[in-house]
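The data blocks that follow each hold one structure.
The two complexes that follow have chain A in common; it is paired with chain B in the first and with chain C in the second.
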Partner chain A sequence: MEFSLLMQVMVNTAMLTGVYVLIAVGLNLIFGILKIIQFAHGQLYMMGAFMVYILVTGLGLNFYLALPVAALIVGLASLVIERFFYRPLKGDVLPSLLMGVALLVGLEGSFQLIFGAQEKYIENPLPKVVKLFGVSVPEARLLILVVAIASTIAVYLFLRRTKMGQAMRALTQDPEAASLQGINVNQIRAIGFAIASALAGVAGGLMLPIAYVTPFIGSPMVIKAFLIVILGGMGSLPGAVLGAFILAAADSFGFTFWGPVAALIGYLLVIVMLILRPRGLFGASY
Partner chain B sequence: MRRKGLSKLIVGVVLIAALVAGLVLMGGCRPAAPEEVAPPEEAKVLKMGFASCLTGTGAVWGISLNVGNQIHIDRINAEGGLLVGGTRYKIEPIIEDTRFEVPLSLTVGEKLIYQDKVKFIQTPGMPIGGAMQDIAHENKVIILEWGVPMCLGPEYPYYFSGMPSGAGLASGFFKVIKEREPEIKRIARIGMNVSWEPTFAGGERKALEQLAPWGEWVGVVLYEPGTTDFTPIVTGVLAKNPDAITTSAVGADQGPIIRTLREQGFTGKIIMVESGYGLPELFEMMKGHEEYLEGCYLLLHTWYPPTPEWLEFKEEFLARGVEWHDSNYYYQWGTPILAEALKIAGTVDDADRIAEAIEELKIPNVGFPDVYPMHYCGLETFGIAHHWAYPKAITQIQNGEPVSIGMAYGELP
Partner chain C sequence: MLPIKGPSTRFIGYLIPMIFFCLLPLWVKEAYYLHIFIEIGIYSIAALGIRLVLTSGQWNFGQAGFMAIGGYTSSLLVLDLGWPPLWATLPVASLFATLVGLAVGYPALSTKGIYFAMITLCLGLVVRQGIITFPGFTGGLIGLYGVPAPTPIPFMGALGNWVVSKVPAYYTILGLLALTLVVMHRIDRSRLGIVLRSISENETLAKSAGINVVKYKLIAFVIASFFGGLAGAFSVHYHMLCHPDSFSLWDSIFMVLYVVFGGVGSIFGAVLGTAVLISATELLRFTGAFRMVIYASIMIVTILFLPKGLISLPQAVREGIAKLRGR
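Right after this comes the complex of A and B.
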């Protein structure tokens, strides 16, 4: 095997990890705080991409400005989703799951009605490719990795160093005890949900210049996110990062050297994990 | 306690009232029924079923099918209807949404066949047509499917398949490329991991074998539907050291694939056997990096520069407020085929005679300067001549502009 090929695959792994981290950290955060499986998380990823598309092509905003604005819009939209669709279900697992599926279909359908089914694109603001020892590193993908690292550190510090973060962690451990300590459970859950959704929105927005957006891009992404969360451990931030890395490595090495069989690797890992260690690698709380 | 019960009752009443009001409003919001106009005495109604896609992943193709055929239906009805065996028929399309899902497709098929009593169904894809193939056959309903020819066989004499396959087109396409690019030694392929991929890849491989030693086939790398990051796929295909790469991506996948190929330093020829929606979309996807497309070869539904008839169809399509992409031109042919076949057969009921008439048809494709008579072929390949022979334009990007340099015909023996 050529050294440059191996290096390229490793670089690909690192860059793919970035996208997976952004979406999986959010999903994991929601599970940790709300104890629900947010099936429509991928649709917030899709929403983020659409928001960037509108802001850039419709309002002529600079991509770097559009990205945080899109994340904010997705975060605000998710507050509505949490308040009116999830909160009334009081964390009941099955109704929440079904609500997630309903939201998935509903959001896909609504976006299709508004924007049509055809793919939308924007110009890549970072079109250059950095060449290092024969390895190609597109700047746009590098940006995703940088944002993923920065976001993960920011979420980690937020959870560890701020009062609100501590309140979120308390909620993941024992919501009733947290409530008795005077923590406004509903408010903290809503904020956690919004942060997680905004991260998904950022991921969607970052992927837009190198791919495209349609109302249907969310579903494959949320499946990836679930694989990551199961691998890494539900409710664990380091678990989400490690899970993202494992799946990215499986995808990068697998697709390069074994072709479409690689798509099965992630699922096989999840099956093995569920049998041997159902809580995942880091199945602890935040 | 009583107060709580009372408030529950009030909430219940309000909800029911809201529901009733909603239903009334929805009824009120429906488009007003067209004023009943008694049709001329001799004009009957001929129902044409569309097991289409209005939502879901196949919506782009479904909408193309619906709008393109509606244009022809409107033209026929505006002329007073279709004259078949001395009787005039107004065509009434019945459009249903399958969401491109197999179980729903069967339900839609049952509805169209048993409830609406249609005798003709068009679909934008093989999974839909395949799902309703047996009930359509039992009821002698003719299916015109505009997808991959995977359901064809002599046991289904009323089933016709549309998409010109790779096997049919690749041969002519590669012959032209060989003449222009004799230095190509190794060709690899990027394809989508779907049921029709082996048909396309197999056709391509067979075509290349006939041109050996030019363009040795060095393998295929498949990607999963829904992939948006093509980096691992591209790294995998480049590991095969090809000097030309064929891609057969559907929809908009072609854009990210080409971009990733160029970003990873591939400077060889990119040959697009299936080019997604069309060239304008491809250029839009490459905005800021149009040079990535330079020298690429494509098989397109559109001849560049387009013919006046093609432009007229596009204008009419756009006038209906629907997004345009070049493959819209491909999905329009079902109604002209059926209309001609019914006229020839002189009946709207006898499926055997209508199927025979369809087999004999030749429909000119005015979208190309060489007006090719489209027809059904494939007797040797499928055991029945029900595979649509459709032309495509072999086009190369030269100095940032598309230039059509030849035709490839979806002919199968």
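Right after this comes the complex of A and C.
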């Protein structure tokens, strides 16, 4: 096996892990505190990519500046989604599920209506290649990894060290008891939802320098994120990271060296693991 | 629903729509509209299976996988083994899907809720990936072309040619859907139906009442697999094409939605949900780019105002009127 190919695949794995982590951590958070399956989570990833695209090409903003602005916009948009589409359902499982897919279709449809279905690119703002331990790593891919690591640590510290993070963890364990402790359940849910959505938005923006954006890039992502969350264990942050790494490795290594059989074996392994250890690799709570 | 009392009136309640749908091709001459009805029929059968699993409180996100198993079994029996199309392969394909359902469902039902949902979802992915991985056998991503139309049987021949006219396919799927509805109706009324609902309401209580919860959930899942296979097998002979993209993960997800959108409470909810959402997709084509937005709006409005599904609309209207009168 060629060394350069191996390195290339490893860089890809690291980058994909970063993207998957950003999406899966948010999905995990939403599942924990809202107890719903957010089917439209991938659309917030798509929205993030579009926002960066508009800010960079339309307003001529610097990419580094566009990224946090896009995250903020996605976060605010998600507040609207949570308030007007999810909150009225009061966490009912089946209507929430239906709402998720309705939002998925609706958001894809509206973005297609506004921006069209054709692929959109930006000029790569990070074209340089960094030498890292003798391996050449494109800067854009490195940035994904750096942001993913920083965000995951930030989320972890937020959940562990702040009052609000503590409230979120309490909500994950028992919403009723949490509200009895004087926690404003609706507010915490909205904030958690917005943080999770902003993370997905950042992931979308980060992918833009090396990929294209269409209104349809979100749906495949959300399925990947589900698998990651399940694999790692619901409600577990380290689980989400490990799950993201496993899936990313399966995607890049498996596909490069074994072709479609890798995905087949991967899915079968997920089934076997779900049966043997349904709580995932890390079945703990936050 | 109308206040139906005696058995005779109830019979009429079912008879009228039956006659209506039997005579439908007399008015609906255009092949395109019949095509929509046929598609509704195919997905209703599969969705009714999902609904049965839902009544036991479990989600089946793998129904398209069972449709694929039924479709590919039937196609391969005909294309590779030279079986006469459809009439013999339909039951065999459905039974094969049932066996797969049993083999997967038995270990999978040691889990429940979201975990079981994810297993079924992965199962759908496994089936699709399996099809792609072994192209020599299944045609891979290209699919199997030239899946033949059913061999004409005497009665069918009088209705027209399967390939040219949609009428024979329409009556076939109508018959299959009627059969499915009768089976599902009987199940709903039987002890099995009661047990399934009791499991979904309170599994611990059902267990403590001496009910073998896993066994009943498995029965529901296996029956659902049968009807998934049935719908898939019919579908490939109708489209005369067997392709992995016809049975994608999103098909599975949308079929669950058809059921929830229509309302889980009644078997007609699943059919109504399927009918409304499939015809919306088709009939909204003229709106072009607005189609997805309108489609999503229909769903969102329904969820917000009719959380029990579209089938609860008359009840909601009645309650609304009663409230107005009360004031």
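Criterion: the second predicted complex is superposed on the first by the 271 of 286 C-alpha atoms of A that agree within 3 Å, B and C clash if a C-alpha of one lies under 4 Å from a C-alpha of the other, contacts with A are read in each partner's own complex, and residues count from 1 in each chain.
Convention: a contact is a pair of C-beta atoms (placed from the backbone, for glycine too) under 8 Å apart; a residue touches a chain by one contact, two chains touch by 3 or more.
What you see is a predicted model, and the numbers here were worked out from it, not measured in a lab.
Looking at the shared chain after the overlay, A:121 reaches chain B, while chain C stays out of its contact range. In the superposed model, A:15 makes contact with chain B only, not with chain C.
Contacts of A:219 after superposition on the shared chain: both chain B and chain C are touched.
Of the two partner chains placed around the shared chain by superposition, chain B and chain C are both touched by A:109. Contacts of A:260 after superposition: both chain B and chain C are touched. Common to the chain B and chain C interfaces on chain A are residues 109, 112, 219, 259-260, 263.
Looking at the complex, you find that chain C touches chain A at residues 107-108, 110-111, 114-115, 118-119, 121-123, 125-126, 129-130, 132-133, 249-250, 253-254, 256-257, 260-261, 264, 289-293, 295-297, 299-300, 303-304, 307.
On chain B, the positions that touch chain A within their shared complex are 55-57, 59-60, 63, 193, 220-229, 231-233, 235-236, 239, 251-252, 255-256, 259, 263-265, 277, 281, 284-285, 287-289, 323, 325. Across the complex, chain A meets chain C through its residues 37, 39, 85, 88-89, 92, 94-95, 97-99, 101-103, 105-110, 112-113, 219, 223, 226-227, 230, 234, 259-261, 263-264, 267-268, 270-271, 274-275, 278.
Across the interface of their complex, chain B is touched by residues 2, 5, 8-9, 12, 15-16, 19, 109, 112, 116-119, 121-124, 127, 129, 131, 136, 138, 141, 207, 210-212, 214, 216-217, 219-221, 251-257, 259-260, 262-263 of chain A.
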